[in-house]
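For reference, the structures are reproduced in the following blocks.
One chain, chain A, appears in both complexes that follow, with chain B as partner in the first and chain C in the second.
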Partner chain A sequence: MAIKVIFVGPMGAGKTTAIRTISDFDPISTEAKNSDRASVDKAFTTVAMDYGELTLDSDRKLTLYGVPGQKHFDFIWPIVANGALGGALLLDCSRDDWQESLLYYVDSFRDLADTGSLVLALNRAADEDGVADSVIQLCEKIDLALPFFFTDPRNKDDVYLLLEALAINAELDSELYGDMH
Partner chain B sequence: MKLSAEQKEAIKAYLTNAPGNREMLESLLLATSDGRRVVFSNYTNKQFESNRLSAMAASLSGLSLTLAESCEKTGTVGGIVETEDGLIISGLITAEAQDYVLLGIFCKGIQHGMALWNFKNHQLEFKKLLSK
Partner chain C sequence: MSLVCDELRVTQMQSIKSYGFESLEREILAKQIRTISTRMHKSWQYDGEGKDGDIVLVKKPTQVATHTIQVYVGKQPIDQSLPFLESPVRMMQLISLLEQLTPSETSVIDSINNLITNSRHSQFVIPCKFGLVGFNTKDKKLSTKQRSLATFIKNLASEPGEQFSLKHAKSVPADCTWEFTASYRTVAWHLAKLQGLRKIKDLSQGQSIKLASWPRVTEWDPTPLNFKLATLVTRQFLPISQIARLCKTSEEEVVSFLHCCRACGITILQQQVKHPPANQPRHVVKDKESLGWLRNKIRTVFNYGH
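Let's turn to the complex of A and B:
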């Protein structure tokens, strides 16, 4: 059985890196030269999707999809997100606009957020307490309680932690509402 | 995106004056390979959303490249979408600082060979204009 998980968030937040960190094979990526180096200083950026896989056991594997982060690619987000068990929203908290990005991407993936199937991966946070307070306040503002973790997308355990949080939510969801579905 | 004012003018002039465009082409769009519109020329009264098309052209180009690599094909030049109302052809234009995607929307009834020949000519001209 294949279980689909998506990685979303703005350009440069670490989506491609996170998938590369845990995928069983070198992920399939669709990268092009970044023409907006002033905004995010990296040479290449995803333009369609990233794809990787993580084998859980002989019967189950996670299929890992990353969306292109730039807002003009929003047409492809629902296409990639279709059928996903859950998603991780990655944010680069060293950027001045990370709070604005949080609100924007949560709103864009509101279906996942409303069912608790969206976890926040907070990267490059210098002041973790301050960032945590901000996240709690922002979530209250939009009437959501989203799990969040301070992560480094290059660290396997950190990315696994995000997936475990999604899995726990899926199990709870199944236990609580399984009969009603 | 580092196009000079002269390059922009030359591209605009080319789009306006390119021979044969209106007979077979509905639209020609140039975007950066990461989906930002550079120029867009619409030879019809259809309401195309050029910014959206630019992002889609970049995604199509990226997928075409990756698909080709996965099929062990090298030297990807573009992709074709066939519809009952005509052809949509995308092609990558590589340049030193920035790569670009050219998207040509061809009218109903156009022959594949004619559309491809026309598109290749445009692709070649744009490559020259972008390399100046």
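Let's turn to the complex of A and C:
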């Protein structure tokens, strides 16, 4: 039994790091030389997907997928998202365009967002209260009350908290709608 | 299905009933009280004829005039020093009377919120009975010489709300050091929690509620129940009874949670009808055992206490 969780967000937001932090093994990555260093200054970036696993017991595991952040790879997003328990949208709040990214990615994964299966992981937020107020305003604008957490993708507890939010949401789904399926 | 959403007014509703009023008089009174409720800090609601309201307006002849309305607070007639109402009821007279019956309750939460958000000074202190409270309006934090949040909250709650106004503000003493600092929303949450299970009378049966934004419960009050309530109440409209059942708690706890959210500035939405559920899941993870394993494995800040 495998439960799929996806990590989405713009390039350089910390998706690969988050998977690496909790995966049982070093994630299998498909990285290539970054051709867009003007946007994000890192040498390599994910071009197909990252993959990691978190073993729950001998029969159960969590499979962790990181989708490529660049928008020209958006055709792959619904394929990776299919059948997922939920997703974590990582955002680098030190970037000027993080709010535009939030709206763009929430719109791209609206199916997940509408069912509470998308959580926001806010990385590198210097002014947490200010960022929180902005998130609340943005979410009210798009009529969603998305769970959001200040996350350091290198911190295991921070990444686990994202999984916890998704697990609770799935349990509530199960209790709310279990009889209907 | 009605999709009209209104911000829930969590102020305490007070019931007004009339006794001996004609049908037309009741209609007029109901309109007047609706209007008054929009103007006053406390919310009033006209509940028709009867003698069991918080305020009861009894129409009967007295020595003053043949059509005087005697006013009861509960089962007690009001203090004779307050004016009687005349029949027909004049709205300004009723407002004046209600204001006198309910002296303004400036809450500590509202006052602190007002100071933090509206003050032009970035740092100042307010002297209280238990010592100085430091305000940092830039970081939106409160500081105290108390050693724990629990003691701080308990002492704050015993202060009159009026104390937390700019007229009492002073400069931070040069030698001032603090023992404890917390975000003002954390303080607001715990003050609201201490106030207990405040009734929300305008949540009628069958109404569903939803939070307009995520409450940062992992910072304000990280408990498994709060996390579960926050997850459920932010995703869709549900009646309080169903929220309580799904989260395996009491309706009073749900109301208390909502009250705390409201104190932290989270808007509560309500909807009249909620059938069928608005957001169907994309899929249902039927294997609840796997979810249990997952949560057992990850053991977050809540240390798997669910």
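Rule of thumb we're sticking to: the second predicted complex is superposed on the first by the 181 of 181 C-alpha atoms of A that agree within 3 Å, B and C clash if a C-alpha of one lies under 4 Å from a C-alpha of the other, contacts with A are read in each partner's own complex, and residues count from 1 in each chain.
Please note the rule applied: contacts are C-beta pairs under 8 Å (C-beta built on N, C-alpha and C of every residue); 3 or more make two chains touch, one makes a residue touch a chain.
All figures in this text were calculated on a predicted structure; none of them were measured in a lab.
Considered on the superposed chain A, chain B and chain C are sterically compatible, since they fit side by side. Of the two partner chains placed by the overlay, only chain B lies in contact with A:30; chain C stays clear of it. Once the two complexes are overlaid on the shared chain, A:142 sits clear of chain B and of chain C alike. In the superposed model, A:3 makes contact with chain C only, not with chain B. For chain A, the partner with contacts to more residues, out of chain B and chain C, is C. Of the two partner chains, neither chain B nor chain C is touched by A:103. When the two complexes are laid on top of each other via chain A, the two nearest Cα atoms from chain B and chain C are 27 angstrom apart. Comparing the two complexes, no residue of chain A contacts chain B in one case and chain C in the other. Remark: chain A residues 1, 3, 54, 56-57, 60, 62, 83, 85, 111-112, 114-117, 129, 132, 135-136, 139-140, 145-149, 157, 160-161, 163-165, 167-178, 181 touch chain C in the complex.
Residues 139-140, 183, 210-214, 216, 218, 227-228, 230-232, 234-236, 246, 267, 277, 279-288, 290-291, 293-302, 306 of chain C are the ones touching chain A in the complex.
On the chain B side of its complex with chain A, the touching residues are 1, 32-36, 51-52, 54-56, 58-63, 65-66, 70, 98-99.
Those residues of chain A that touch chain B in the shared complex are 28-36, 45-49, 68, 70, 72-73, 75-76.
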